[in-house]
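Here's the structure we're looking at; comments come further down.
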């Protein structure tokens, strides 16, 4: 008997900027979940490199072809509270490296301690995306380099 | 619009023996997937500690309460071929440690190179199960120790 | 012939805040050492989230039941100098993850290079405390979450 | 009030062979513990490279200068049972690398699950001993190389 | 003033089999070194999956286009002794993962302890080759799978 | 036929300060490369602890004995652009730990994505230098400690 609820995953992050690695994780997750909400965490104590409104708009455009199955929202507060509000029990995350893993595990286990029904689901980034990460991209931009290789096609930085 | 296919995940391993960590991963995956197939890989070149027939029977008993949503099968050959035969595009794996992660990533990326439609989905083991692994359990048994803490309730070793 | 000197260990850190993981390490160390000094390092170039006086007072209260075997002190300067002043040759640290380990090893080997008689003694955090760390706790507080699960009973934040 | 019981640590391993790294860990532990028992685990299912009797004799000779504070024993069965029999609540282990750490943590947490009073105490190997390990030494010997740099002075292989 | 000696690197391994990752490391090293010797270590105590003569012949064919700048040899004994005999002071190795790194570091530091003039030079494998390793390839073959994606074009298994 | 171009490696970093570990990597690289350019990256958004002019002068002095084969330069912008300008296709980096490795791999693969002809060449730091790193040195100085053990002889801080 199929499990008939609509399954929504939240893909939280700062996405400063959103990369081709992020895009790939969301697209692959659309096979497993009915809906994926890209949740841009608004951290009042850490300033962003790219303005949050433009990031939201840019990510929306990346997923224009998904018939509304990807939503992009900004949230304040805890990720687990955002999940509850959105009726989602799944947090989606991409894993690139062993260092990533250690950090992600701490966050995921903390989230589960605070909200036992939550499950963090990990997909791997593709091999060719392993080195792509937002902080290196910001560094390249600061040094005047071109990062179009590392963000989705037509992404507005 | 909900995604209406039946979603089946394959949970492959040697399960020599099946642990409380394995059990927890399968039970949590039942929320995301309609069916989970525990696939015991039959490796003709490596001998098992526990007989495969008894392992299959023991694991089945662990999931008697799941209304048939967990199946237990033995397979020969490649995991990706087993998935194709079962009509599954998802491989389910548990992650415990950073060392696990490196190994799991190599296997998952190799599987994807051989069968691009396959997706490996990782769940974390619970914190209290992080140290539970089959090879340590076999070692304890060889030394005459009691392992009932580390296998599912009523599991027949 | 028993080794009859009083053995004092220094447990240094910023403890911003002190967690249930820290508490557990100190309590278990009391079996090995006669005295444990919780040393709150005062770093003039990095501002604290919780005021140092209140942290000192809060930690003291946690160990009120130890008959004076746990002392809480603030120190400026190098940890090895604090150890010398306190007549301690042991630095006590808890290890949670492989990432922790790499960092702790660098610090411990640097301390030993500066003061060859010092020995850093590591205990593991308990499995259920692996994900508890001060920086995640601070982040939860900033997002308006409840952290009482992660700090000692009656700890004043 | 000093803690007046005699403190004994068990340093378990296969010591096949015992290295300068092992020697250094034992000598440094003698400051913290009244007695250290080097416990050579006798694994009936894994054959040794060096005969166990000769290893026991060789290690004893290394610590002839310690006034009887280091004992060398062979044990069968679980390490935690050996500790109980010897009246020791401390398992001593050296840590070299992050890979070591992951393995050691699993073993230590399993031991604590089976015998909650046991505490595994870790010391770091010295930087110059980080690469010294028994399996590399065996490999060098198989290839006809000289390993005297890696074992204690006068150690009989 | 250019450094005018001929620079030869030894690329040691069991190459059981040689992979596209190995090929890429050798080709990139040809820019830095005048000659690269692929040294297949003959380990009398570990049996090979592929016969050593055929492996040697297959690897030679891979580098037929390099005008003799890549040589393929079998050696017994220590890698450092092979390097001395070949007049090489450089050991070339590819790095894929953090787990690789820990192992490679131990080997390289042991080699340097035995032969201080030797230098191990590491290149990274390309991102798309990160998961390609000889033991996974052997496993796929045992399971009846096709590995042509993972070995050099025209490589004879 | 020897490869007759002059081989130049760029050793980029912030060198804030330059350590004995850095010195050792450069000296060992002089056997492989004809010239090594120590490139101090000038990051306009991150302030230095030591003034860049003094660092440049201090590093130059360290290599006064190398007959001009080590040059010290300050650069702005991307490391790959600096390499192109200097006619170098080699980036030289030292590896200390597994954590280092993960970070270095991301940077190196990003550089290769932007400039496919670049090759990052890694040497290991010596075992006794594994724990020496610039950020720990800065921390010791802030705490009033002596760091002369960790920087090259006669290095002006």
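Should a chain be cited, it is by its letter among A, B, C, D, E and F, assigned in written order, with residues numbered from 1 in that chain.
By our rule, a residue touches a chain if its C-beta (ideal position, glycine included) is under 8 Å from a C-beta of that chain, and two chains touch if they have at least 3 such contacts.
All figures in this text were calculated on a predicted structure; none of them were measured in a lab.
Undergrad: Quickly list, by label, the chains bordering both chain A and chain D.
TA: Both chain A and chain D are touched by B, C, E, F, going by the contact rule given at the top.
Undergrad: Hey, which chain ends up farthest from chain A, C-alpha centres compared?
TA: Chain D.
Undergrad: Can you check which chain pair, C-D or D-E, has more C-beta pairs in contact?
TA: C-D
Undergrad: Given that chain A and chain E are copies and touch, would you call their interface same or different according to whether over half of its residue numbers are shared?
TA: Counting which numbers both chains contribute, over half are shared, so the two copies meet through the same residues.
Undergrad: Can you give the whole-Å distance between the Cα centres of chain C and chain E?
TA: One centre to the other, that is 46 Å.
Undergrad: Suppose each chain is reduced to the average of its Cα coordinates; what separation in Å results between chain E and chain F?
TA: For chain E versus chain F, the centre distance works out to 27 Å.
Undergrad: Roughly how far is chain D from chain F, centre to centre by C-alpha average, rounded to an integer in Å?
TA: Each chain's C-alpha centroid was found; their separation is 39 Å.
Undergrad: Note the residues in chain C that touch 2 or more other chains, in rising order.
TA: 97-99, 102, 105, 108-109, 127, 130-131
Undergrad: So, with touch as defined above, which chain pairs make the list?
TA: All touching pairs, sorted by chain label, are A-B, A-C, A-E, A-F, B-C, B-D, B-E, C-D, C-F, D-E, D-F, E-F.
Undergrad: Given the complex with chain E, which residues does chain B contribute to the contact?
TA: Contact set of chain B toward chain E: 43-45, 76-78, 81, 98-99, 102-103, 105-110, 113-114.
Undergrad: Which chain D residues qualify as touching chain F in the complex?
TA: 97-99, 127-131
Undergrad: Can you list the chain D residues touching chain C in their complex?
TA: Going by the criterion above, the answer is residues 1-4, 6-7, 28, 31-34, 67, 89-90, 95, 98-99, 101-102, 105, 108-109, 112, 119-124, 126-127.
Undergrad: Inside the complex, what are the residues of chain E that reach chain B?
TA: Per the touch definition, chain E meets chain B at residues 97-99, 130-133, 136, 140, 142-146, 149-150.
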